[in-house]
Each structure stands twice: as C-alpha cells, then as structure tokens.
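Two complexes come next, and they have one chain in common, subunit A, joined by subunit B in the first and subunit C in the second.
Right, the complex of A and B next:
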C-alpha cells in the first residue's frame, strides 16, 4: 500500500533532521582535521646583558651571566617560563650604555637588565630607567661600587626601586675588608709598621677621608634614618694596633710607582697595602716593586690582579710574594655548594673567574629565585613590582660567594638593595705562580666557617718575599 | 733628608735619561722632516708585540725575536714615509690626520690580536734586582734604560756631527730651500731619518718591558712623555730635547722624593706650561736639529 504524501513528508523531515543533527554533533565533538596545534606557549622572561666584550675581564663577567642563563634554559626556564637573553656592547661608555639600555627595555622588552660597567653608566641608566619604568617595568641590576646607586634608591624608593646593586655596599666593604686584611697583616705576617697607598678614585673616597652621612630610607612600608660611617684606612689600621708610617694617594694612570715604594721603604714600612682596583696599573706596580728597594717588604693588593694566572704571566713572575684576593683556583673555598662547580664550569670553558664573575652568575640566579617566589604565590613573573619585593625578601641559595643568609637585598640598613661585604680569603703568589691561601684561621672578620677555614687556610705557609726569591 | 736628596739626584738621571730615550726618535723626525709624527707610538707597539710574535707565536729563538722587530720597525718607518708623509707633504692637516689614524688602527689591531689576557711579557731584563748607590737601593733595569738612552743620544749626536749624511740632514733642518737648490736627495734623507727615529723607541720599549706593564695602549702613554719633552725642548732640536728631558726628570724626582709623589706629574706639567708661555718655541729654537 502506497504511503500517503503526508507520511512520506514526515519521514523525510525526520531523516533530514537526524542527518543534519548527527552531522552537527559529529562536527562539534570530533577532533578537528589536520595536525594538532601547539599548546599555548608562555611568554618568555627576557634578560638583557649589557657589557663590554672587548676587555677580557669584562667579557668573562658577561659570559658568567650567560652560563647561568643557559643553565636555566636547559632546566626548563624559570618557574616554567622560557628564558631568553640578548647582549649589548656598551663599550663602557655612558651614552652607548644608555642607548643599549633603551633598546633592551623599550624595543626588546627586557624584564631584567644586568649591567656590567662603571658607576657613571649605572647612575645614567637609573635616570633613564626612572622615566621608562612606569611604561616598561623592569629590573636593573649592577655589579659594582658607588654608594650613590643605593643611596638614591633609599632616598627616592618609588623612583628608583627597580635598581639593585648586586655587590657590596662600598662603605661596608671598605671597612670590613681592610679590617680583615689588617688583622692578617698583624697576626699572620707579624708586621707592625705599614704603608698605605690608595688609588685616587671615587670608590676610595671613604678610605682616604672617611665618610659620615645620614640617609633616610623611605619605602611605602617604612621610613628609617640610617647612619653610614666609614673611618679612613689609617684609623682602621691604628685600631688594629698597626702603625701607619707612610700614606700616599696614587693617581689613576700612574706608571711610576718607584717614588711611592721608595717612600714606604724610607719610612720603615714592613708591609705595603695598596687600596687598588683594576684602575691602578697593578702589573707595573708589581714589576717595579720587584726591582725596587722595597722588594723585601710585603706587598698586598686590595684588587687588580683579577685573573690570577694571567696576572702572574703578565708580570713575568715579578708577582712572587705578592698577596691579594683570588678566585680562579679550582679548589677555592666552597663557601656555598655552588662555588666550586661554578669555577669548574668557567675554567672548563676557558674563562677565568674573578669576584665579579661570581656575582654576575649569581645575580641571574637571584632574579630567578625572586620570580619563582612570585609564581609560587600565584603571581605573574611579569608583575615586576612583585618581583622587586621578592628580590628584597628572598635569599639567593645559589649564590657562589655568599652564604644564603647574606643575600637579602631588602635589609633596612646601609646595605639596602646591596649585599653585605664579601670578605675573600688571601692568597700569596709563591714559586712558579702557585697561589697559597694564607688567611688566618682565627680571623674574626672572615665569613668562612671554621671547619672550612681549618681545611683551606694555611697561614703557616706564608713566606717573606726575600725567602721566596731565595728559592724558599 | 740627605737620603731623599740623593734619591732625587739619582732619579733625575734615571728618569731624565728615560724621557730622553723616549723622545729622541720623535725629535729627530721633527728636526729633519719638520713633521709632527703622530704615528710615532706604533714603534713602541711593533717592538713589544713583534718580539712576542716572533718568540712565542713563531717559536724563534729569543735573541732573534728581539732583533727582528727592528727590521719590522724599519719597514714600518719606510711605509709610513712612503704612503703617508710623502703623499701628504703639501697638506699637513691631512698628514696629521692620516698619521694619527694609522696609529689608532695599529693599536686596535694589536688589541684584537693580543688582548691583555694574552699575557704578553718580554723578559728583557738585563740586570736582575737592584743596584746599591750609597744608602739607596735602585732598580738595575732603570740604569740600563738610562745608559742605553745616553748611548743612543751620543751616537746620534756623533752621527749628525761627524758623518756626511748627518751633515746633510742638519742642512735640511736648517734650510729646506737651500738643500733643495744644492740637490739633496730628500727622499733618501727622509727615509733614513724616519728609520733612525724609529730605533730609540723600540730600544726603550724593549728595555722598559720588565718594569712596565705591556698592553696594547702603552704607545700613547709613552708618546705623551715624548711630546712633553720634545715640545719643551723646542720641536726638532736635540740639544733642547736633552735639556728638557733632564729638566722634567729633575722636577719629577725632586717633587716626588722631597714633596709628594702625588704632585710630581702635575709639577712637570705646570713648569712646561709656564716655560712655553714665556718661550713658546721651547727651550731651544727649532731652527736646526743640533
């Protein structure tokens, strides 16, 4: 029996509805055709490195930061966010550095800028950064001296809060380090009459003249008056029971050190302490000391011979007997679990290690730790205000030269946005350029745990320059 | 006090002689060619880094490695003359620009090939340790530098006084025009003067190496001493150069040992400025080389 037209129409409508509905359902629920799209990628955290690669010491510092970043990249980034870095050559010139900084922050979108440079560069970058920060929030880190950097942050926190001096505050370093050094002059070298030569640079002003100032730290949470005090070196030495028989300032660029050395000798000095950095031509100083009438007097350099073995070669062995801090020995005192592995990594790459290389490497890890702290609490790594607060609060366990408890950047004292002074042990150049750690185990100013001090410090091995030259 | 006086006198001799050695070649070139050779510092660099190149990079014997840079220095002198001095003789401003650019280029090349980290060191120490003079113990190597500078100066003075070539050069320095009229071979004389002028900086550099740091930028530092002495002495006059060298040596030493070493450099500059204000052409007028 044939179906009626009405029944047929009803069946067709039902079938069409079923087919269209089924297809629609299938289309909604079925996976889309073609390859699977990648998961949404997280925005990268960008680190800008501003340094001067033309000078080997400075290149080493930039390379140290790159080593840290590459490690983070291999480990999957920071808190799950990929890390990118880009380098700029500042030529150690203020105008070039400012241009590079603007490009890094504005054009490239850097979240963390790490500057290697002179304090004039940092101060200029801080001014530029203060203008950029509201639109381009970022953090500016600097490993170097100049008290002005952190004093600015203390006094105008809202304007300069993005700036950190990831190094010693000079007014503490220039008191504590000399005290540690003078203690060893007295108790290890057994001298009493000393000569002090001071590099005439901005960072030694306090060492030459002393420093007394009051700074008001003003953050949104606290207002506090901080007194900064630094006695001149001659007074620190006297307090240690040493007699300063000769003192002179060395102009930067000096090539003739003989008058200073002869002056020290004529005054009866048994020990010459040179408050030097690499601004002083320490190679010439050491070469001239080794042939001068003062060659039998202990010579201690505060800084200058950054790369120990290179320094030995450059002096042609004239550094025999010289005492200074040193960092690029493979068995350097493991102040943190990261000290020796870092040195090994650098040496393995053919790079030398100085104090700043440690700090640049560690700065990246401190930034990483702050970002993790923010993310762990549900924040965003791009909330730079939160990262700044975290940097002020969290220690850097991975620091290679400082115990973690010394890496708080928000201490409400003269170290605000800086680290407290690092007091490296002392080494003496001995035969064939071998360096021997001659620090005193009982030195109350050292930060090395006694167990490590007993293992690594060998004050009994110290020798006079004359003994060493005689083949001792 | 007597010790300090003695030291001042001895270092007057040492520093004065050293400054003389540094400025000697520059004065010769200025005296004969009447050219302010701003490429002069390259001779310091070629001597130091050339020695290192032959000794450590090419593994030649050390003595030969010290000798060969003198050939390089001579060749460089010739090239500087041929392609810069001679080319721009009539356009002094271009010549000065070219000479300084040449120096900067050489400096950059050296700094790229031998950055400080290369650890360049040249063991040209002739006397190890110190020499005792009365109560003072003095660096032996400085005596060697002083002696070498004096010997070179004496030889050059004899050359200008006693040899035909030296007399011709003095004639050129006195009157370029007359020399031209009598048919002097200028090209040859100028090349010889350039080469002669390049030897003292090379010698001084090699002897200074054990007591000064070697770095690619040392040329300018040494040249600054050379210019100060040469300008004070009267450009191109050897007598003036000798007097100026010892005058600066004396001021430096007496201020350093009797007053304050910090003020020694400044004292030298102040005296130079005062003398030049009174005698703008220096201590000896630069009309002849001797």
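Right, the complex of A and C next:
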C-alpha cells in the first residue's frame, strides 16, 4: 500500500527534528575547545629489585632499596617522572636470578635493576645483560664483593658499561679498611701482638695471598693501564707496627672455631681480627670465643650479623666486648641528613641495617641524581647511555655512609664503576648490649668529618673483655 | 641398490646400503601419541615466546622459556640418572657432582685455552666420563647405603676443592666470561635457540636410552637391576656392564654442566652443588615415573614450572615451602609417578618402559 503524503511528511519532519536536536545536544554537551590539550601522563621510570626475601639479611637490604623508592614516590617521582617499582624473588639461585632479570628487563621494561644477591649471581647477570642491553637499555646495580665485577667493566666497557658495583672494590677496601682497623688496634686498644683469621672465600684471596695485576681501563674517551696491588693482611699489620703471632684460614661453613681461638691464645695474641662475611657463622664463633681460653683477648669481626645491634641478642650476650662496625645504631654518625632517618625508618619496620643496606638505600638516590642531571640538561631519563655517563660523573649527596665527594662512580682508577673504600667507625658491644663508638679521632684513615668525630667518637670508653665481664 | 623399502608384518622396513635397517610400524597407535607429544614439545616455546602475554600464568614469556630450558637441563641429568639406577642397581646421590665437573671442564677450557663450545662439548663429556670411569669401581665394591653415602660425599669434596683452589675454580664467585651458546642480537631468539638445543639433547638422549633399553644390553641392565647375583649366575658380566653404564651416564650428566656454563656465560660450581639440584634431579626421576625414561622430562617440567609459577604468585619464603609440600603430596599420591597416570589410562598402548621391579 502506497504511503500517504501526510505520513511521509510527518516522518521527514521527525527525522529532521531528531537530527537537528541530536546535533544541538552534542554541541551543547561537548567540552569547549581549550587552548591546551589535556595533560599527557609522563612515562614512568621503572626500577626492578631482584632479591631473596626469605633470607633475613637479603630481605633487609632489599627493603632498604624499597624505602628509598617509596620516598621518591611520595616526593612525586624523579624530575617529574613517576617511579614504578616491581620486585622479583631470586631464591639466591643463578638460574632464577637470570630468569627474573630477563623478565624485569624484557617483559616489564625496567630502566634500573638492583640485584641483592651474591657475586655469582651478579656475574651471570652481567653476561646476560651484555646480551640484553643493545635492545633493552637499562642499568644494573649491585652491592657486594667480587673484583671481577669491576675489572670486567674496566676491560670491556662497551660490553658491560651498564653494570655498576655500588659498593667498594674489594682490592682497595680490603687494604684500607684493615689498615684503619689495625691503627685502632694499636692506638686505641694498645695491643702489639695480633692473630688473623681469614674466611677462605674468593673475596679474601688477596688478603690471604696478596694480589698483583694490571688492568687496562678502556672507555671511549680513555685508555689507561692501572696497576692493582693488594698486600696480604699479615704484611699490612706489620707495616702498622703490629706483630702477627698467629694466622689461619677459616673454611667456609665451619662451626668449629675453638682450635683457631685456642691457637691464637697459645701464640700469645692480644687481639684477634676475623676477616669474616655472611659466609662465616659469626654467632657461633662469638659464643665459642666467650667460653674459650681466648675470651680475654679482644675479638674484632669484619662482616656478618655483627653489623646489627641485635647481634647482642643473637649471641645471648656472648658478644660482650666484641668490636665491629655496627650500622643500625639509632644515633649513627650523620654522614648525610639521610643517615639517621633511614636507620629509624628501617628499625621502625622491624628491619636491621648492615653496611650493604645503607648502600642499597643510597644506590636508589644515586640513580635519582643521575636522572635529574640528564633531565636538567634537556635530556631524556630514558636515554640510558646519558644516565650511565651521569652516574659516572654526579656525586650522591644523600649517601648515608660516604661523604658526597667520595661518591663518584667514574673515577679513572681501580674503583671505576665502584665507590672508593668506606672506612666506617668501630663500635664495641658493652654491658646490657650497649654499643659504643670507640674509634680514635686521630685515626689517619678517618672519613668522618672532624667535627662529627669529636662529637661521636669515644675511644676512652673502650674496655677489655675481662673488664666488661667483671662488671666494668 | 642404495635404499630398499619393503612392507612386512605391518611394518615398513627401509634397508640402507644393505647395511643398516630402519623399521616403522604402520599401525598409528604405536607412534601417534609420542609424535603428538614431540610436536607439542617443539611448538610449546614458540607459543610461549610469541603468544603468551605477561601475566597469563603469572610469569612472563622470557621466564617461561628460561624455566623450560632449565627443565631440559634437569631432564638430561635425570634421564642419565634413571639409566644409571637401572644399570647399576644403585641410587647415586651425587649427580650434581658430575654436572659440576662437566661445567668446570667447559668453563676452564673455554676461558684458559679459548676452546669453542663444540670442542668443550666433547671435552666435557670425555673428561666427566673419565671421572666416572675412575669412580666406577664404587659400583662394584659398594652397594646399598654405603654406595649412597659415598656418592653423597662426592659433591662435598668437590665443594671444598673449589674453595681450596679458588685461584683455579674461582671459589664462590666462579668463572665468568664463558662464550655464550647463542648471540644473535635478539635475546628472545637466543632463548629459543638455547631451548631447542637443550631439547635436542634431551630428545637424542631419550632415543639413545630407549634403544639401549630395548636392546639385549637393556635386558641385561634390567636383570642387574632386579638381582645382581641372579644376573651373575646367568653369566652376565655385571662388573663390565655397571662400569660402562656408570661411565656413560656420568658423561651425560657432565653435558648438563657444559650446557649451563655456555648458556649462562658464567659458572659457579658452588651454586650447582647445592642440595636443590640433587633433589630436582632425583625427584624428576621418581616423580616423573620411577626411573621410567619418558617420565624424567615430565617430572623435570612439572617441578621447574611449579617452582617458577609458585614463586611468581606467592614469592618470599613461602613459595619454596609450598613447592616441596606439593612435591611431597604428589609423591604420596602418585606411586607410579606422572608417567604412571598416562600408563594407567592407556595400558594397552605399546610404550617401552622397564617392566621389572627396581630397587629404588
């Protein structure tokens, strides 16, 4: 049936009204055209953390980095760029660490990767990173020992330039730190005959046998031959005017320290220096020392849980008289304005702070400094080559253990892509777990500014283990 | 005639130069399922690399591929370990010892003498097999708990040696800077190459071991496994067979170490001597299917993928705890292993397995 003219006209009117009305409504409700487009969100800077939270010390170090990242996020990111963070569990296994690293860089797109692990993990990651870097530029940071890490970067800069050991190089640290320690032994503890016990691991090879090597530093700008020389501990002690009456290597993993302690006692030692790390069971060692014939001899530990004030509780008070660097004392010497707040934050979270934890926290701030440096000069924070160059040049004023002028990662010497040796003050565990800074103000190796040293160093408070046991 | 093809009793027989002969059973049920599995096995990483976006199973494609590669490495040692268990009638609790020996041979020869990965492959097998040969009298002079204890101590001795001669072995730091297996410039392609290389090693070994077990030699291995004294009374030279089996399988475990050294580009023996490596190899054998050769890769894939998926979802210290609980439950619920599940539903299907009781 043909449509009547009236109906057709009505339909046309309705359609016209609908179209005109719809367009008008759209125009009315549309946002007014503005002079500026809506703000574009900046691409985030991604920081990946690879660590093993199942091991308390590694958890503490990983958490230290997280504290710094959280602070940056709260402060609005880095140079106006938001900061994203993700963590991977490495289970302290090479295969898991490498898989996690690949995922962080390739799948997630990390710009900075911080590894909290052991040197064997770092070396495997460096090999993998050399493959990843050309397609996925990023920076790999690590806090730990193993001279190989630094030497590889020096000798094959183009291949490994993305790798930074944000710690001190063992072949310089293991000379300067013992020298500073031996100075204290001689001048603060007033001893002359010492015993040296050295953990039998790769990082102590130079301390046991000495080290002589020549490394060629090859960067695009510089080719330089650097001689690395490390004297054995016994020679360093002799140079300091001490007599080494006993020396032994401690097998990794041993629980039986009494023969070494009794040996030191029999040799007439007045002071025992243990070059230890987390590989040595320092808790067992101290418990055995406290009941051995050597208990009246000063005992000084290098690395391990003795870096924590809680070491006192861990040893059940057997640490009375033990000397060590201790890094979570609430009133630790404020090297930077960040030192004490960082320690307080960590303790507030029930976490302990060792030397490495300070470095992990500071590493994040050093990354921040480098990115800011690049952005301030009109560069992009994602130009990783530029950030690497900035890291080599820019100091980190927030470092919690090192004075800012020492935090240069690009010095053209044996510390390239590492920090110079940190020589921390020494503490003694005294009655009721009180931890006292006994470092000497006149120590020529001191890095703490004199004004702070006069305020915080108390060499006059040192007491012999026998005195302390007697209630002193 | 160079090639002669004939059909006889349901088989196609190909004669080559009148010397070697290859047989193919026409009936599909004999080869259909293994073929499907191998095709899937080959396609799996490609699917994972290009079609599995981050987050589908909780982990990214690179991690999945990394897991599969490690699973292949573990499977390689587990298959060798299974054959060793069958052929010597003894359970070796130090397979990681041979893995680490092979790894150090590759690392040291590559680093100090510049040998390429092809030559270090041969050297790793040869030297680890020689070490196996030197230790093989253990299979003659000790058995039961004594053999187990001796093999358990071997990794500890090697661990001490690594620290004692840190100047050679790099102590806990190991040996970095080893030539990589693949370097195409694309990390994903490198991963795929490494996967297929490790898969090829596992498949070739599986075929070799399958041939051995189906041969007259395999029958003698089975008799030794069943009862060594009975085997001797039948005139089987048990000493010779045990020594040869121990030597060959040790060399294969050494190849796992070779792969690890060249795959990661750094080798720290102390890491690979850790107990988890032993547990993964043993569990792959047992959970896969109580020394059933086809079960070992299945077990290795199950264990490694479970570990990485749990780590990704749970993290922290709980993932490993949960992994071992899962593995314990699986051991309890699957007395014949994962391979047993397959066999249970397809008991009529021909698949070569060891049909004798083993002293595991």
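What we mean here is this: the second predicted complex is superposed on the first by the 431 of 472 C-alpha atoms of A that agree within 3 Å, B and C clash if a C-alpha of one lies under 4 Å from a C-alpha of the other, contacts with A are read in each partner's own complex, and residues count from 1 in each chain.
Simple rule for what comes next: contacts are C-beta pairs under 8 Å (C-beta built on N, C-alpha and C of every residue); 3 or more make two chains touch, one makes a residue touch a chain.
Every value quoted in this text rests on a predicted model; they were computed, and no experiment measured them.
Legend: residue contacts after superposition of the two complexes on their common chain; A:449 is shown touching neither subunit B nor subunit C. Within the superposed three-chain model, A:251 lies in touch with subunit B and with subunit C [touch as defined at top]. In the superposition on chain A, A:80 makes contact with neither subunit B nor subunit C.
Once the two complexes are laid over each other on the shared chain, residue contacts for A:259 go to subunit B alone; subunit C is not touched.
In the superposed pair of complexes, A:268 makes contact with neither subunit B nor subunit C.
Touch criterion not met for A:341: it reaches neither subunit B nor subunit C.
In the superposition on chain A, contact of A:281 is made with subunit B only, not with subunit C. Put simply, subunit A uses residues 54, 200, 251 to touch subunit B in one complex and subunit C in the other. In the complex of the two chains, the subunit C residues touching subunit A come out as 54, 59-63, 66-67, 70, 160, 163-164, 166-167, 170-174, 176-178, 180, 183, 185-188, 190-191, 264-266, 268, 270-272, 274, 276, 308, 311, 315-317, 319-320.
Touching subunit B in their complex are the following residues of subunit A: 54-57, 200, 248-251, 253-256, 258-260, 262-263, 266, 281, 283-284, 287-288, 291-293, 295, 307, 310, 313-316, 318, 352. Residues of subunit A that touch subunit C in their complex: 53-54, 87, 89, 91, 93-96, 98-100, 102-103, 106-108, 118-120, 123-124, 126-128, 131-132, 134-136, 146, 148, 152, 200-203, 205, 251-252, 279.
Across the interface of their complex, subunit A is touched by residues 3-4, 7, 11, 15, 111, 115-117, 119-123, 129-130, 136-142, 210-214, 221, 252-253, 256-257, 260-262, 264-265 of subunit B.
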